[in-house]
Amino acid sequence: MGERLGFDHVTKIFETPGSDTGFVAFDDITLEAASSEFLAIVGPSGCGKSTLLKMAAGLMPPTKGKILLDGKPIFDPPPGVVYLFQQYAKSLFAWRTVIDNVMFPLEGAPRHQRGDLREMCRDYLKQVGLDGFEDSYPWQLSGGMQQRVAIARALAADPQVLLLDEPFSAVDALTRMELQTLVLQLWERRKFTAILVTHDVEEAIFLADRVAVLGAKPTALKEIIEVGLPRPRDQLTTREDPRFLKLRHHLTSLLLARNSGHVAAV
Amino acid sequence: MSVAGTLEGTSRKRTAGSNRRRLGKRVYGVVLIAAILLFWEVSSRLGWIVSAYWPPVSQIFQAAIVQLAGGDILVSLAATLRRAAIGFAVGSTLGVALGILLGRSKVLRIALLPLIEIVRPIPTPAVIPPLIMFLGVDDALKIFAISLATFFPVFTNTFAGVATVDDTLIQTARTFRTSWARTLLRVILPATLPAIAAGLRTATSLTLVVAVVSEMIAGSSGIGYYLVEMQYALRPDLMYAAVMYLAITGYTINRLFLVLEARLIPWMGKT
Amino acid sequence: MSQRSDVYRTSLLGLLSPAIVLSIWETAGLLGWVNPILLPRPSQIVWTLVELVANGAVFPPLLYTVALFVVGYVIASILGVTIGVAMATSETLYGVLEPLVEILRPIPKSALVPVLFLFLGIGKATMITVVALAAVFPVLISTFQGVRGLDPVLLDTARTFQTSRMRTIVSIVLPASLPMILAGMRVALGLGLVLVILAEMLAGEDGVGFRILDLQRAFQIRDMFAWIFVLVALGGGLMMLFDLVERRLVPWRGKT
Amino acid sequence: MRKVFLIGFAVMGLFVLAIQRATASDLEKVRVSIIPINDVAPLFVAMQNGYFRELGLEIDTTPSAGGAAGIPGLIGGSFDVVYGNVVSVLLASQQGLDVKVIAPGTKVDQRETDTTPILVRSDSGIKSGKDLEGKSISVNTRNNVIWLYARAWIKATGGDPDKVTFKEIPFPQVEDALRQQRVDASFLVAPFSVISRQKPGLTAIANPYSDIQPGVDVGQYITTGKLLSTKPETIKKFAAGLRKGAEWFNANRTSDAILAVISGYTKTDASILKSVALGAAPLRSDLTQVKKTMDLMIENKLLTGPIDLAKIIDPMAL
């Protein structure tokens, strides 16, 4: 079971040279992903979605407020929280083979377990469809395949919480759909808590249980909607569901800052 | 790949706060150096190290200051710098020219690259003894040796830099019906500049090394010869003082280079 | 470096220009255009070289030089990488070491050769120190720049897996900055060779540099050229070895 | 980038211009390579007393530490005249280089002014070449005149030179090397030999030049046969000026004026120089002495066979 991850009145201010007040990235955000929930956060470009996720991963401390993992505040990257970077190419270790990249989180384990763990990693690679590429180097793979390696590596870390930072924004449209399906399947199987940050409204609706919408600067939480689409979801039928279309209309107009009347009905 | 850069150059984008913190930390470094110098002074004064070649630091500083008022060190240094400057100019001009030409022309590449690759690994001191017999021991020899040492890093970097110039750039130029020569001068050369600058910077330090080397082996003037001369004249204080001035020179040149680089190639490291 | 490979693919053509130069040289010698004492013909030099190799006389000085160089170079590489990483990852160590490094680095290391002779006397220790001093700074600087220039994503990745500081350095920082470290080591290779030859010339007991100057003093020009050829082979061999090692260690070079 | 060069060179150029002095005269220039040691004092005396100027010559001396660049530089055309040692001249000649001795340079013919001893640690017990077998001796360069006479001395005192290790150590480092026991004996020249002996612990056990071959011609002034035939007058004038210098030197070699001259070009403190006795400068080369050296070289396999000395030593030197 995934762990709860919450933002408790989080404010982030960046120091800027020549300014006393600094730049306020977020002001007083409170938001929680329930255990094993798939939460999506959407917002316009530049609203600092990644910063929010980095704080959740413990890579960056909030200026005010707390990040709570199962109710306990975190300061450093906690075990069980795994971050899937947008720049997959940079987060993979170019000097390691695919299997060794996946093995990375497990290398703290005692030596005699390594063999079993390696087998496990092969299995993860199979799960993400990278059978037979174990001994390739990341740079020998396509972008989509590289991100699959990163996903397999995330699985190897046995995530309680998986943080997805626009993980599919750098691949082509078809690959993107395949990867979305893959992540959904893995999520359904492993039941970790997933927090996805994206600017793609359709992706958010397709994957998430709830979608949190961030507003313009200084970024604050605008609205949280329940998706409520049936699972398992399918790239064709789910996207044709009238509710999907309605949500898409609503979220898109929110992000474009247009007012649309019939939102409240949803 | 600017291997010869400074330490500080890398961290230029630090914020004011961390700079201040860093300055504070650097105090320890200065203290460390002061301690080393003090140890040197004391070890010599109290005779912990007995050698005619271990003068107290104060004596070296004194010699260095006396030299400012008039002495051989600055004259020697000027002679060395003049040769280094000419050799650097010749070597780097050839390096850039050949690097670009060979980078763009397959015919020239096939004709000249193997030759260059054969000559490249020779350590410069080795060519000085035979060259003495052809060029004598005067400027011709030293400038030749310095040019040779300057040429290779500049050439190699330019050549590699030209290879990475995106074809899109060249095709863009072609769509504007730009001539070959103009493309070379206005598109390829500027696009290669950061690589050239990196080569030049590696070359600057080599240039001084080889200038000193050539003066040591085939010496008659210049700071390299001066060092050997003082070794024979039993004047270690002047020798250390000369090394000190050389260090200052090397530091100044490197600084100057960085400033010019930042001025003239503002897009360095941005692409 | 893809441009270089097309030259070697057409290797026969690649041999053309050296062959032309050598034949001009040979002809000039045969026709007496140059003083044969000052510039022996390449065939004569090669013959002398063959003799040197055949009777084994080439090996002791060559091994001597190589040994001095390798020891100094290895010491410099280890020191350079260690100090470079230390300075790049610890603000305190940076503060302590930066002024010292900035003072020592700009000294042309050749100028230190006579000083070190006075200081350490003449012998292997001095030669090794000379090489190490010359080679350490390029390695140090580029290691520092490599580590400082690492992508934050890489380090964040390691942090999200709760990787310890030591393990981050060993399994992330070092391999990721390896291309830069090797770039520095490449510069150091050339510099180290220059310095070992210089030191041998100024006060050698043996070695290739010593031989070259010794033979010049005895006016045995043909043998001197043969030894210079040996040195060309040594320099070229070391560079090729370096390329080979680099390709093995950094197969991803230029691919990311 | 062009600007980088321009600015850089402008700065360097100004610096250089500020320091360089222009020299111009209508005297004929003779470029001489010297070794900055006591032995070339007559040349500097002749320069300072204006002997060369009277003959219409201007002497441009180029010091070379150890003299390694001398003869090669002569061949390369950088010099018109080179001060070199007898062994180098014979070696160059054997290899077919066209060298000619035009004036004598240094001769060791009085034991009391022979400042080139073999030094050992006083407690080492080494007294003869026999004692040195299995031990080491330092010379500044192998295969030169010092090396040759060190070998000859070892042989003459009952040792086998092939059983002694010869190490190359530059003169300034010899004292430290001896005291630190990195070498057992050293063949050393002035002023280093004198300075080293002023402190306790080191003893001179021999003066190989005086012991083996009293009156040995150690150094000569050399030019090329080509120059000798194209500019015979110039070379003759040089030799004449130099001889006048040597004569003045011999008349005044105990005066302080000489010390000032030597201190001027060696950059060594006059106080150090004062303790070094100066031998008389030779006025002519001695063929029989050179022949003896040649025989020694043949014996030690530096030469493959005898050389026609008449061809190397120009009559003007005799």
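Details
Read from first to last, the chains carry the letters A, B, C and D; within each, the first residue is number 1.
Quick note on the criterion: contacts are C-beta pairs under 8 Å (C-beta built on N, C-alpha and C of every residue); 3 or more make two chains touch, one makes a residue touch a chain.
Remember, predicted model here, so these are calculated numbers, not experimental data.
Centroid distances from chain A, each centroid being the mean of CA atoms, peak for D. Two chains share more touching C-beta pairs than any other pair, namely B-C. Our note on geometry: chain C versus chain D, Cα centroid distance of 36 Å, whole angstroms. Chain A and chain D have Cα centroids lying 82 Å from one another. Rounded to whole angstrom units, the spacing between the C-alpha centres of chain A and chain B is 50. The multi-chain contact residues of chain D, meaning those touching 2 or more other chains, are 68, 72, 75, 170, 172, 176.
Across the assembly, chain A contributes no residue that touches 2 or more other chains. Of all residues in chain B, those touching 2 or more other chains are 51, 53, 129, 132-134, 217, 228, 231, listed in ascending order. Residues 1, 3-5, 7-9, 11-13, 15-16, 18-20, 33, 36, 62-65, 68-69, 72-73, 75-79, 170-172, 175-176, 191-192, 195, 266-269, 272 of chain D are the ones touching chain B in the complex.
Every residue of chain C that touches chain D in the complex is listed here, in rising order: 37-38, 117-118, 121-123, 202-205, 210, 213-214, 216-221.
Chain B contributes residues 1-8, 10-11, 21-22, 24-30, 32-33, 36, 51, 53-54, 103, 106, 109-115, 117-127, 129-130, 132-134, 149, 152-153, 159-160, 163, 202, 205-206, 208-213, 216-217, 223-224, 227-228, 231, 236, 239-240, 242-243, 246-251, 253-254 to its touches with chain C in the complex. Across the interface of their complex, chain C is touched by residues 54, 57-59, 76-79, 81-83, 85, 87, 89-91, 93-96, 104-105, 107-108, 137-139, 157 of chain A.
Chain contact summary for the complex, chain C toward chain B: residues 1-4, 6-7, 10, 13-18, 21, 38-39, 87, 91-92, 94-115, 117-119, 134, 138, 141-142, 144-145, 148-149, 180, 183-184, 187, 190-191, 193-198, 201-202, 208-209, 212-213, 216, 221, 224-225, 228, 231-232, 234-236, 238-239.
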